[in-house]
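Right, one structure below, let's go through it.
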Amino acid sequence: MAATDARTELRVYLMVEDLQQQFAAYLGTPTRARGYPPYAGDHALIIEVAPALAIERVIDLALRAAPSVEPGILFVERQFGVLELHASSLEDVVAAGQAVLDGTGSSASDQLRPRVLYHDIIESITDQHAVILNRNRSGSMIMPGQSLLVYEMAPALFAAVAANEAERAAPGITMVDVQFIGAAGRLYLSGTTEDVEVARDRITKVLESIEGREHG
Amino acid sequence: MAATDARTELRVYLMVEDLQQQFAAYLGTPTRARGYPPYAGDHALIIEVAPALAIERVIDLALRAAPSVEPGILFVERQFGVLELHASSLEDVVAAGQAVLDGTGSSASDQLRPRVLYHDIIESITDQHAVILNRNRSGSMIMPGQSLLVYEMAPALFAAVAANEAERAAPGITMVDVQFIGAAGRLYLSGTTEDVEVARDRITKVLESIEGREHG
Amino acid sequence: MAATDARTELRVYLMVEDLQQQFAAYLGTPTRARGYPPYAGDHALIIEVAPALAIERVIDLALRAAPSVEPGILFVERQFGVLELHASSLEDVVAAGQAVLDGTGSSASDQLRPRVLYHDIIESITDQHAVILNRNRSGSMIMPGQSLLVYEMAPALFAAVAANEAERAAPGITMVDVQFIGAAGRLYLSGTTEDVEVARDRITKVLESIEGREHG
Amino acid sequence: MAATDARTELRVYLMVEDLQQQFAAYLGTPTRARGYPPYAGDHALIIEVAPALAIERVIDLALRAAPSVEPGILFVERQFGVLELHASSLEDVVAAGQAVLDGTGSSASDQLRPRVLYHDIIESITDQHAVILNRNRSGSMIMPGQSLLVYEMAPALFAAVAANEAERAAPGITMVDVQFIGAAGRLYLSGTTEDVEVARDRITKVLESIEGREHG
Amino acid sequence: MAATDARTELRVYLMVEDLQQQFAAYLGTPTRARGYPPYAGDHALIIEVAPALAIERVIDLALRAAPSVEPGILFVERQFGVLELHASSLEDVVAAGQAVLDGTGSSASDQLRPRVLYHDIIESITDQHAVILNRNRSGSMIMPGQSLLVYEMAPALFAAVAANEAERAAPGITMVDVQFIGAAGRLYLSGTTEDVEVARDRITKVLESIEGREHG
Amino acid sequence: MAATDARTELRVYLMVEDLQQQFAAYLGTPTRARGYPPYAGDHALIIEVAPALAIERVIDLALRAAPSVEPGILFVERQFGVLELHASSLEDVVAAGQAVLDGTGSSASDQLRPRVLYHDIIESITDQHAVILNRNRSGSMIMPGQSLLVYEMAPALFAAVAANEAERAAPGITMVDVQFIGAAGRLYLSGTTEDVEVARDRITKVLESIEGREHG
């Protein structure tokens, strides 16, 4: 359907079922995500493509197939186009996703395999570190003395599923920041050392379980 | 020492002892507060004056008298000048404050008496309300189902002491937003109904206990 | 239901039926309006209150009575609280509004009578004027040579109904800017002289027909 | 010519001849001034009116009478409309101004008499004070150890002529900030004590020499 | 003339004659383009270079050779330096361009050949898609039901000539967004399907006709 | 100590001794540098790493080893993590740095060798060029007629030491802009031709004297 030979490359195509409370709230706050924020319990579909503008066809395919689905994020960044869609009905989100695959001639397995770039747990964060983290966060505040999990991966949008699954595994964590648009995705989660370890291990497991193409 | 006949009107002059953890963290985050963020346990002095530019003399008097004191907020808004200073030594903050009183020929009782404009507790906040609150907050995220305390007062800067005392009385609350620069001060605190009631009652008591001039 | 003696003063309470296409689109764009944008054909309710924080009780009353209603704008400005709600069902919006009136002990006639502060039509706008207007607009671009209607009124939120009715009367106009939050409401509409005259006359008529209290 | 009975109240109407180098550069930088920046040596006309939107008629009158004149600032703030126009030809600026007076049925003496709200010189600014001033400036940086002149007046736009005349009298000063849009105008000028004293005295003299109506 | 061995690589060097009305207006609005906006009918020269800072020598060469030429955009982005200059006299713009070529030892054919990355026409845009597009545009609003042309190319600055030629070919289109700074240029044009097809075909033809080096 | 195999790559690791007055002031102003601004005479340590999030472990290592050290900048950009730390005691900064090297298993010579991408001196800057430079600067204003040194290098953070050494060599220069976060570092320094030549030569010499790995 695209009027150019340039094929739409699927970088991320993933269902994020049953949005958790903090992550759903977080999706309403980033200034670069200017659509309809979801509620906890909604189901989301996240898609990242190249070239970036191909995301405009992707959203059209989805909204026509499932008009009840609402766009939470549509962003055209330096290199990639990013979309988050959600609905209370899982079936509707699945239908929207299928229409995207059909319309772009792709299959879900065309996505890239997530690559872990870095992760680390910093225990008992210092006062000064907390101050400067709080100056840049867009989620909730981190408190000195908490442990901090940082996790970096590519493509960036996988940070969305990572955040949601981390909260499901460790609901007591605080979501300090989730950056899922750009060259790499980055998570900042704080809490007890035990909670952030649970979160880290779940993220690693979830990312390992995602099938996809290798990338350079 | 001021080179004009225009007298500096003291609107707020108040010690905020023993900064609580969340409120200290919050002071580091507002984009309109571009100084040195305090740590929990520091002591603060808050001052609001008219005309607005008189705050530049006020900060100079304070910093010369007590060089260890650090400015957290210096803001010249539409009508008023606002200053927050802090240090780990209470003595130093007291000395800074005394120098301001001496240098402007004022006494602490020249400040305005706080006036309560509004307060309310909204129980079990709805999903949509939480979304739109989270889009405007600069503190931590509110979750649907929590109770929300809103509290409005004048002059605006009294919201700083109100926030700190509310957290001391109910450490389990979440500090969603504290607006202490402008025509009125506003607090958004969330948590259990019991916690936000404790917070509200402490704020009311604290504000009632502050002496000062009546205003129109 | 408010826990303080401070009574909620209703400044604006008005239904805006059948949102027109450009105005609905405009409601999605202002950075200070961070909720759920409406679609053309939806019905809206606009409410402005003092003290500003009372708007948090107002939105809660509305959303509980009519959960299908979505908040488009919730803003707490220097002096006033502002709310825009909408739904595809007029009945739902009416129910939300009635709940607000009941819950605050108000009646629709408690609102202020709109006051026209200024209006003017500038024909065949110059090149330089168009440039500087386009630098500050948040709606569509004005072109040199078009006629420009400017219209200023208080309270500010009446600019919302004025914009919608102007577009209904003259669908060919371009909505350059609509400012409905602040001390005064302001409209910038461009088009043929004939179209902006139709728009101006409709606005004047609509504002004259709104009942309410006089203000100083 | 205005289509409403609301008369345009002239608050500021003043020629600023021979723009000095720093002040001309400063006019290009504020984010709220989005027109054509002037060059040193240009001549400017500054106008502030109420109601705010009447400034759109004012600019149209000026640009039609003298098309070579360029708008540097056109801003509609909370209460007032503000305009700065300039050209290399003084004659053209005078013609633009005369057209504004004729078209609004005003005379230059209708403007308000400037009122000094505050001024002060702070000698040998401390390190911490310099840091926090530099975080909020939009002009050049102030260095610790310099003297700082602050000067506040109403209406705000008189700060433009004050800044230009201060630089003419003391070209060695640094223009740290000039705020001429809002409820009050504010200047921050730094340099040697001698230079900022010269600047202060010239500002006082210039403001005293401006004729106008008294205001409350 | 450059004092380093690093040669200035010319990426884009192109005349954009006879600026169309909407595109000229658009050039005044982007927040990243902070110079002198052009008028319709002016002629522009667009230049993109690497390394980015070499653009400062480029603008100096141009302004000295043709002082009547005004800079509309000067931006130093992550990798490239971008310049737009314009004047009412085509001769002056040509002279400015020639001075740039001479001073950098380049010829116009050194530029890169435009590469089309993607284009697509989405017919009858949905309500939700229009909302989220309007939240991110910096041009005029798109209306639901219109057709949308998206067009992506590299280097980014070619989007400027594409936008201007598209408007010349289909003056009835609405210019929703034109992004010409970054890694890729992107256009969003809306209107009838027929109009956006005319726009697309003209853009393709214009880009194909531009000579230049191949790139990787 | 990092919990992932991804090794922290040290891109920049450098002491910047005895911060000069303007550069110290500049460090307080960038909006992307949200920590504790240094004073003139402090000593700084600058570190850039990949992957970006590894900077969070780096700051923790430093602050634990030397709690008196304050973070001025902590920024996680598209590809790299950037940190600036400072203290009045050189010994403390050295201790912080050593802890970073030990904790990451690196040595100072692991950093990249600076690469000069471009430099140039533009004499007697034109009026229009000055206007557009002043619209984008975050330091002090440049005046028409001054000479401008532009200097571009990679990695970006080396621009910090370059700015400080340039000011030490030529204290009369004006620091217009220093961009040290991103893909490349960029300096804009203005003054007499003689002063900017001195600055340029010192920067070249300083960069040449820095040892490190070659990069592609």
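In order of appearance the chains are A, B, C, D, E and F, and numbering begins at 1 in each one.
Just so we're on the same page, contacts are C-beta pairs under 8 Å (C-beta built on N, C-alpha and C of every residue); 3 or more make two chains touch, one makes a residue touch a chain.
Here the structure is a predicted model, which means the values were calculated and not measured.
Separation of chain A from chain E in touch steps, taking the shortest path, is 1. Comparing each option in A-B, D-F or A-E with C-D by residue number, the pair that reproduces over half of the contacts is A-E.
Interface chain A/chain B: over half of the residue numbers present appear on both copies, so the contact uses mostly the same residues.
Between the CA-based centres of chain C and chain F the separation comes to 49 Å, rounded to the whole angstrom.
Chain F has its Cα centroid 33 Å from the Cα centroid of chain A. One simple way to say how far apart two chains are is to compare their mean CA positions; for chain C and chain E this gives 36 Å. The residues of chain A that reach two or more other chains are 36, 78, 131, 135, listed in rising order. Across the interface of their complex, chain D is touched by residues 78, 116-122, 125-126, 128-129, 131-133, 135-136, 148, 150-152, 179, 182-184, 186, 200 of chain C. Those residues of chain B that touch chain D in the shared complex are 1-4, 6, 34-36, 51-54, 56-57, 59-60, 63-64, 67, 70-71, 74-76, 78-79. In the complex of the two chains, the chain E residues touching chain C come out as 21-22, 25-26, 28-29, 37, 39-40, 127, 130-131, 134-135, 137, 139-144, 174-175.
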